[in-house]
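Chain IDs A, B, C, D, E, F, G and H follow the sequence of writing; residue 1 opens each chain.
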Amino acid sequence: MNIYEILERVKREELSIEDAEKILKKLPYEDLEFAKLDHHRKSRAGYGEVVYCEGKTKEQTASIFYHLSLENDNILGTRASEEQYEIIKAQISETDYDPLSKIVKVVRKPIEQKGLIAICTAGTADIPVAEEAVLTAEFFGNRVYRCYDVGVAGIHRLLNHVENLNQANCIIAVAGMEGALGSVLAGLVNKPVVAVPTSVGYGANFGGVSALLTMINSCANGISVVNIDNGYGAAYVASQINRLVVEASE
Amino acid sequence: MNIYEILERVKREELSIEDAEKILKKLPYEDLEFAKLDHHRKSRAGYGEVVYCEGKTKEQTASIFYHLSLENDNILGTRASEEQYEIIKAQISETDYDPLSKIVKVVRKPIEQKGLIAICTAGTADIPVAEEAVLTAEFFGNRVYRCYDVGVAGIHRLLNHVENLNQANCIIAVAGMEGALGSVLAGLVNKPVVAVPTSVGYGANFGGVSALLTMINSCANGISVVNIDNGYGAAYVASQINRLVVEASE
Amino acid sequence: MNIYEILERVKREELSIEDAEKILKKLPYEDLEFAKLDHHRKSRAGYGEVVYCEGKTKEQTASIFYHLSLENDNILGTRASEEQYEIIKAQISETDYDPLSKIVKVVRKPIEQKGLIAICTAGTADIPVAEEAVLTAEFFGNRVYRCYDVGVAGIHRLLNHVENLNQANCIIAVAGMEGALGSVLAGLVNKPVVAVPTSVGYGANFGGVSALLTMINSCANGISVVNIDNGYGAAYVASQINRLVVEASE
Amino acid sequence: MNIYEILERVKREELSIEDAEKILKKLPYEDLEFAKLDHHRKSRAGYGEVVYCEGKTKEQTASIFYHLSLENDNILGTRASEEQYEIIKAQISETDYDPLSKIVKVVRKPIEQKGLIAICTAGTADIPVAEEAVLTAEFFGNRVYRCYDVGVAGIHRLLNHVENLNQANCIIAVAGMEGALGSVLAGLVNKPVVAVPTSVGYGANFGGVSALLTMINSCANGISVVNIDNGYGAAYVASQINRLVVEASE
Amino acid sequence: MNIYEILERVKREELSIEDAEKILKKLPYEDLEFAKLDHHRKSRAGYGEVVYCEGKTKEQTASIFYHLSLENDNILGTRASEEQYEIIKAQISETDYDPLSKIVKVVRKPIEQKGLIAICTAGTADIPVAEEAVLTAEFFGNRVYRCYDVGVAGIHRLLNHVENLNQANCIIAVAGMEGALGSVLAGLVNKPVVAVPTSVGYGANFGGVSALLTMINSCANGISVVNIDNGYGAAYVASQINRLVVEASE
Amino acid sequence: MNIYEILERVKREELSIEDAEKILKKLPYEDLEFAKLDHHRKSRAGYGEVVYCEGKTKEQTASIFYHLSLENDNILGTRASEEQYEIIKAQISETDYDPLSKIVKVVRKPIEQKGLIAICTAGTADIPVAEEAVLTAEFFGNRVYRCYDVGVAGIHRLLNHVENLNQANCIIAVAGMEGALGSVLAGLVNKPVVAVPTSVGYGANFGGVSALLTMINSCANGISVVNIDNGYGAAYVASQINRLVVEASE
Amino acid sequence: MNIYEILERVKREELSIEDAEKILKKLPYEDLEFAKLDHHRKSRAGYGEVVYCEGKTKEQTASIFYHLSLENDNILGTRASEEQYEIIKAQISETDYDPLSKIVKVVRKPIEQKGLIAICTAGTADIPVAEEAVLTAEFFGNRVYRCYDVGVAGIHRLLNHVENLNQANCIIAVAGMEGALGSVLAGLVNKPVVAVPTSVGYGANFGGVSALLTMINSCANGISVVNIDNGYGAAYVASQINRLVVEASE
Amino acid sequence: MNIYEILERVKREELSIEDAEKILKKLPYEDLEFAKLDHHRKSRAGYGEVVYCEGKTKEQTASIFYHLSLENDNILGTRASEEQYEIIKAQISETDYDPLSKIVKVVRKPIEQKGLIAICTAGTADIPVAEEAVLTAEFFGNRVYRCYDVGVAGIHRLLNHVENLNQANCIIAVAGMEGALGSVLAGLVNKPVVAVPTSVGYGANFGGVSALLTMINSCANGISVVNIDNGYGAAYVASQINRLVVEASE
């Protein structure tokens, strides 16, 4: 019901002024005091609710999952601890947990995977962040192609994958240390590259700032950047792009 | 000609070994000593060559434009000075210059504009960066919707545009100072938001770092970031996304 | 008219659906393309529109002042250049300019000054920022007490003023270099202190960051901080506080 | 006794020179060697003594609480550990502890709560900092309205609360990550907003610096900022404002 | 007159209560509105008033010098511009200016120079800062030994001076770039070293931060640091030390 | 086989097109999914594969060592934990571990040591980083001269070693805190100095940034810098230099 | 023996050329491989050897103390752990340890304390750093006056001590958070102030950087700064000053 | 004459004690008061004196060149201004100036060029820094191979040059913006890479810090880094390496 419809119904006396006011004011969320759940988000943004678990108590996390599970088949939690997983699992038996990426998820309705997103890492130590992106992208209904340990220290390893990467609608470049993978990828492919700096490295990497600056300053075209270690955020952007293309071609 | 075709032609003796080797090795660029022009980029990346003018001498810029103009109808230059424009114009009469965005361009073949990219600014002082994005996006064949001065200090100004913004395949959010526009937009629309921090502001804005950090740390979904004042870069990413959707729907 | 009233009028057929929709959607601003003027802000926030002039072209600034002057008696512009002033003055003869604080203002309706705000500086070089605060506070209808050059290097100069300062409802502390004035003031008075770090100093003052950090880390109670050199912002906060007290006592 | 009174009494020989000198010099604090307790602060600043517990040994904390409890009914301790609480509790049975906000307090005389302060958070993980503000504000005699998890990623959740927030004399905005809540609030309400950046987030949030910069650079009016995670400091400022208004209206 | 004396006089009725109160409250400074001159500082700190000229208008500087010249024979101004000098000179004919160090001074009573301070620079480009220290130290009555261009890139140049340097009561080490001179000096001499980082250098020297950090982190003993380019501040500290020794030996 | 040879063999029909394509595309690495091992690197870069162990799981590290051990006699691992060592040792009995430098290595074929590299530290606490460099350099076939605890706080300790240091083809300077050792060494010797800042120190050393800036800003000639604590990287560069000289003189 | 004496003895054949060369070259230190002990430092710098224990293994620390104890009556160790203390104690029974300041010391010959150094802290949490300064200063033969918890949040506590502080030859100001104590002290006393920023605080104190910047940017005269938490370094500088004055007055 | 020879001559009475002392103490430099010229450096370091002109007055620069020209055939000056050049030229007619690299040089004795150093840039705007390196390297007697505009945005341009680059004994990688060229080069060649970050770029490049961090954090082997824009420093290191190899092979 949009504003016009509401007003029309008021005029037609199908709707009392009091009810119209309630609807106009009614919040599309459920209030748990410590959190406000957004059940309408799927219709608004196209994806189900995702819970960022870090910094929430076990009890808060469990309560949020429980309330979401009453209205959603599938729920994704990022940066979840083992303890958070266990208390959720105790309530919702379909809960799964991946300790590498710290993704907890409830999938009760199968998710069809369409289109293609490629996810690359510079090194082995970047894989946890990449897997956060992979599991998120799959949860959002995207097909994923993994291409790990192809950093610029041995660029020939990457060159061999260029053709495959160009099949994807979006490429996620996950790299720590100097983070040059994003630039190199963007120079080689013709699809948008979403770069994820990671905190992998030491010394003057400043917990990922070095890679972040490299990516933000890239002189290559077609690269944009998300926060350090934010595999989830990159997957969200890539999902939006992939979905737009998939929907346009349907 | 891909590798397979080359090898086949060698086998069929349609191509001498020496020529095949030359082709395999031949660089797809023209060497001006101080610059290596990439005439094949259009076929590789889908867009014509763009010249980043800052830091190049007038003579270098003019020479690069001249050589590109022999093989390209349309050329775009970013961050060009008045002086660089004049020396290019002296050689190529179809050259145009926009002093606000510092874009210089040669357009000798009309550019059809398809799909839609929305470009928003938080304030009036962010417009030069936004216009760099607008002119770049139009040069790359995208239709553009401008939505300026809708920053979060008066959020009701933005709320009125949400419906229009959701028509676009990609939204560019240009904002300086605290740079919150990106987050707010990403929370309101369901299309990828490319955020451009600007150096607008003073004091602890650190030449745009404040806005950059705001955007990188956004807790909203579907936002990725380019360098401070990099309207061009945002437009490139948005063009890739818009083109993918337009091509998929054709 | 609030939502309930609108709905009621619709029901009573005093208002057509179309008009009600317009009102509900109507933006309380005027759109100049490069700027969206907020004529309703006075009723919403209690003050007239203020124009941040930096980064706007002369023409944009003049146009904004012109349109505002049609609906407002008094207008304030901050960080205005001599050139911007002159073009405004050419259109609106009541325009005044203070080159020290870079404040341009149009005052056509006398402003009554109530309550009290005290504005202190650590040194002489901090005065331009302090004067931005003074002129802003006076424009917003506050009485102002100036207390300049009372920095901590000679703390006896400050101690003599404590009694006077405690008459004010809010105290603005303007200081560069090490910026300790804020802490010392907050330890001596029992009114809220709004601290303004300034870029005065050299070397490791980092353009005001040193003073900003001092103020943000203050172990004194009752101090909050605005941006470096942001005299306007401090005056706005102080005005809100002073007005609340004045209105409560009326 | 002010200076004039002391001098008069000396003249009237009601006070010996030696005693007058002692009084003039006498420090309004008790010296525990490792700490100097300020028993007169309540009369000077209007609030009882507050103990910042972090970095003090258990024994120091207990000793400070003990000496304060001899002259004060109510005492507040911030950033207290479980261990510090237990040793205080052993001496003063009326001691309470809130592990979320790390507030320890002794309340032996009921505290009347007047006026209104609103305290908002962007997310659930910001609640511990907000609760430090809530408990401090209540200890200082302010009525508090909580409004949690209304961050800009879903701005419709916030819009519903604007009317309530405007009832308060001061609004505290607690937010980590990009910290845009402060700007958005200040754009929507017409009361002073005290913004508290939190260290919630990861990567380029730099332990709260990102949110701090966002808030300091806010282009909204009426916002000032305290240190990262400094719920106490924000509550102190808000209390001063609320008390000024309450007292003015009495 | 100390407090006891004042009280005694009041009792003896040699001093009225009103006068006593005035004296107790009377500020030892002259108020020029934009500056508060501290004529008693010489007796308090042992040196005449010094004027930090940067950021003051020509008129303010001249006025301050004029008022000081009525009560002081000698006045020192630091970071003075050519223009500031000229307007002071027009009023006080004994004014001298050194464009290298930007020191302006009025010396009408000869200054005896005692003890010894050594002032070293790493390179030639550090000399302006060193000369600010030299002229300040001489103004404050210290004998000075210059030792320039003895940086660590050719450490043999420095080793030859060690014996001379140990004659001084304090050594000032002025160095930009990597700023290692301070550490090396402190390792070679047994007198306090006051280190002055300079902004000499480029790139990652960050305007002197590199040298500042080197000096602050020095693993050598007996080194303390002042602000970047703060020759004046180092000379002040060195003067205090030298004077203490000279006075003790008299 | 280079491109020409491959093409020739295709023409001579000694090689099928399909096989030629495979060879041209074939990657010179082994793919373990989470890592891509580069068995050809020795021939390309002149050294065996080195494994950066930090951030890899025990299982990944063991698997990488196992696969490398099938094709390499000697393997080096840096930043290895005790746990990683033990699981490798369980598979490859010739494995050795040095807990100080965290170097794990498999040496099954004796390594001849040639030329000379000198490795100096400023203090005792810098030794772990220096030993990483020593063991790496020896693994790569260089003779090493250790010279520890010769920092600038007591420069006479260093001067005694200058003659010995000049025997080396490259000198590695390892220093934390102010990191001046690199500059001093480069001023005293005439061989390339590779400087390694360490995180040794506290406070404003910022985990090694202070030493890094000192070294990067060195006004001495012949110094270049690697990452904080990167003993391995310095040894690699020094090995390249030493090997070039050794090979040239053979 | 200086160079002249050595040469004279060679000429008089009292010293063989070989022996003279040895003496000229002989290092005034003992080489433990991992450390080079400087037994002559006392004669050179006037104080005994001090051991910086952090980052050294227990065994290294014990060995260094053992070798020093053979030639020195008194030894000081800073930043020592409980474990390091115990292993030293096992070898040298006169060893004492203060867990607050982490000072370990061997005092077998009584130390006469002369002159006066005052050591102030802003808060209770700064005491560990202050005590490192106190114990160091006493070890170096200085009399010490403690003045703790006199920070600027309650400046009246400090004002009462000014007279006492001016008795000292040097004042050490230890402060975290905003670190304003240094400036305030330097404005009140006329002796050199050595300021020690501490890491006490949270949020934007950046581990002490805030206090460091405040102190470095102080607009007060007569203040110089050492590293964050470097109580030892401040005591060393203060000792040099105090000793110079004491010796001059003897 | 080394120490032994001096002593022997003293003993043989060929040298007076006084003369021997003079020689032992005599500094191998000429003292111009503001500068100490190091005429022996060529014998010590193998190269002639180089003058860093920035921050020196015209007169100082000219005087230094004049005194050096009396004892040296060839002199190099870096970062020289047009004005400095002209005043030198007036005295020494063989002076040449290159405005791009800001190199001024006097070459009166031809310089033979041996070995090979390769110098690469990422872009055209990096050429001024590269040319500083080229002219320095040639001045020091190295043959140079230029390879410009081969940045990673179009990596195929670089791949074509790998074979040539491996001919060099050392490769200098000059790059601004994200500075990935260093890593990519080090991954492709097997010679030491000296990386020079440049200040080319804008926004979050922070005047070259971004490129510096990329290079310092490089995960490629065989790369070390010099200061931002320090073409001279890179050329010095490369010259040392090239000379060592050339001398070893002679």
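Keep in mind that, in the parts below, contacts are C-beta pairs under 8 Å (C-beta built on N, C-alpha and C of every residue); 3 or more make two chains touch, one makes a residue touch a chain.
Composition by chain, UniProt nomenclature: A, B, C, D, E, F, G, H = Nickel pincer cofactor biosynthesis protein LarB.
No experiment lies behind these values; they were computed from the predicted model shown.
Novice: Touching both chain B and chain F: give me those chains, sorted by label.
Specialist: Neighbours common to chain B and chain F are A, H.
Novice: Do chain F and chain G, two copies of one chain sequence, contact each other through the same residue numbers, with over half in common, or through different ones?
Specialist: Chain F vs chain G: different; shared/all numbers falls short of half.
Novice: With residue numbers as the basis of comparison, which of the pairs E-H, A-C or A-D duplicates the interface of B-F in over half of its contact pairs?
Specialist: That would be A-C, since it shares over half of the contact pairs of B-F.
Novice: If you average the CA atoms of chain D and of chain F, how far apart do the two points sit, in angstrom?
Specialist: The mean C-alpha positions of chain D and chain F differ by 54 Å.
Novice: Per the centroid of Cα atoms for each chain, what is the distance between chain D and chain H, given in Å?
Specialist: Centre separation, chain D to chain H: 59 Å.
Novice: Using the touch rule from the top of the page, what residues of chain E touch 2 or more other chains?
Specialist: Those would be 25, 52, 123, 154, 203-205, 209, 212, 216-219, 221, 227.
Novice: Once the touch criterion is applied, which pairs of chains come out as touching?
Specialist: Listed by label, chains in contact pair as A-B, A-C, A-D, A-F, A-H, B-C, B-D, B-F, B-H, C-D, C-E, C-G, D-E, D-G, E-F, E-G, E-H, F-G, F-H, G-H.
Novice: Residue numbers of chain C touching chain D in their complex, please.
Specialist: So the residues of chain C in touch with chain D come to 44-47, 50, 52, 169, 190-192, 194, 212, 216-219, 221-227, 233-234, 236-237, 240-241, 244-246, 248-249.
Novice: Which residues, counting only chain F, touch chain B once they are in their complex?
Specialist: 3-4, 7-8, 10-11, 13, 17, 20-21, 24-25
Novice: Show which residues of chain B lie in contact with chain C when the two form their complex.
Specialist: Its residues touching chain C are 123-125, 127, 148-150, 154, 156-157, 160, 200, 202-205.
Novice: Of all residues in chain D, which touch chain G in the complex?
Specialist: Where chain D meets chain G, its residues are 25, 27-29, 33-36, 38, 41, 52, 54-56, 60, 79, 197, 199, 207-209, 212, 227-230.
Novice: Considering the complex alone, what residue numbers of chain E touch chain F?
Specialist: 122-123, 151-155, 177-180, 183-184, 186-188, 201, 203-206, 209-211, 213-221
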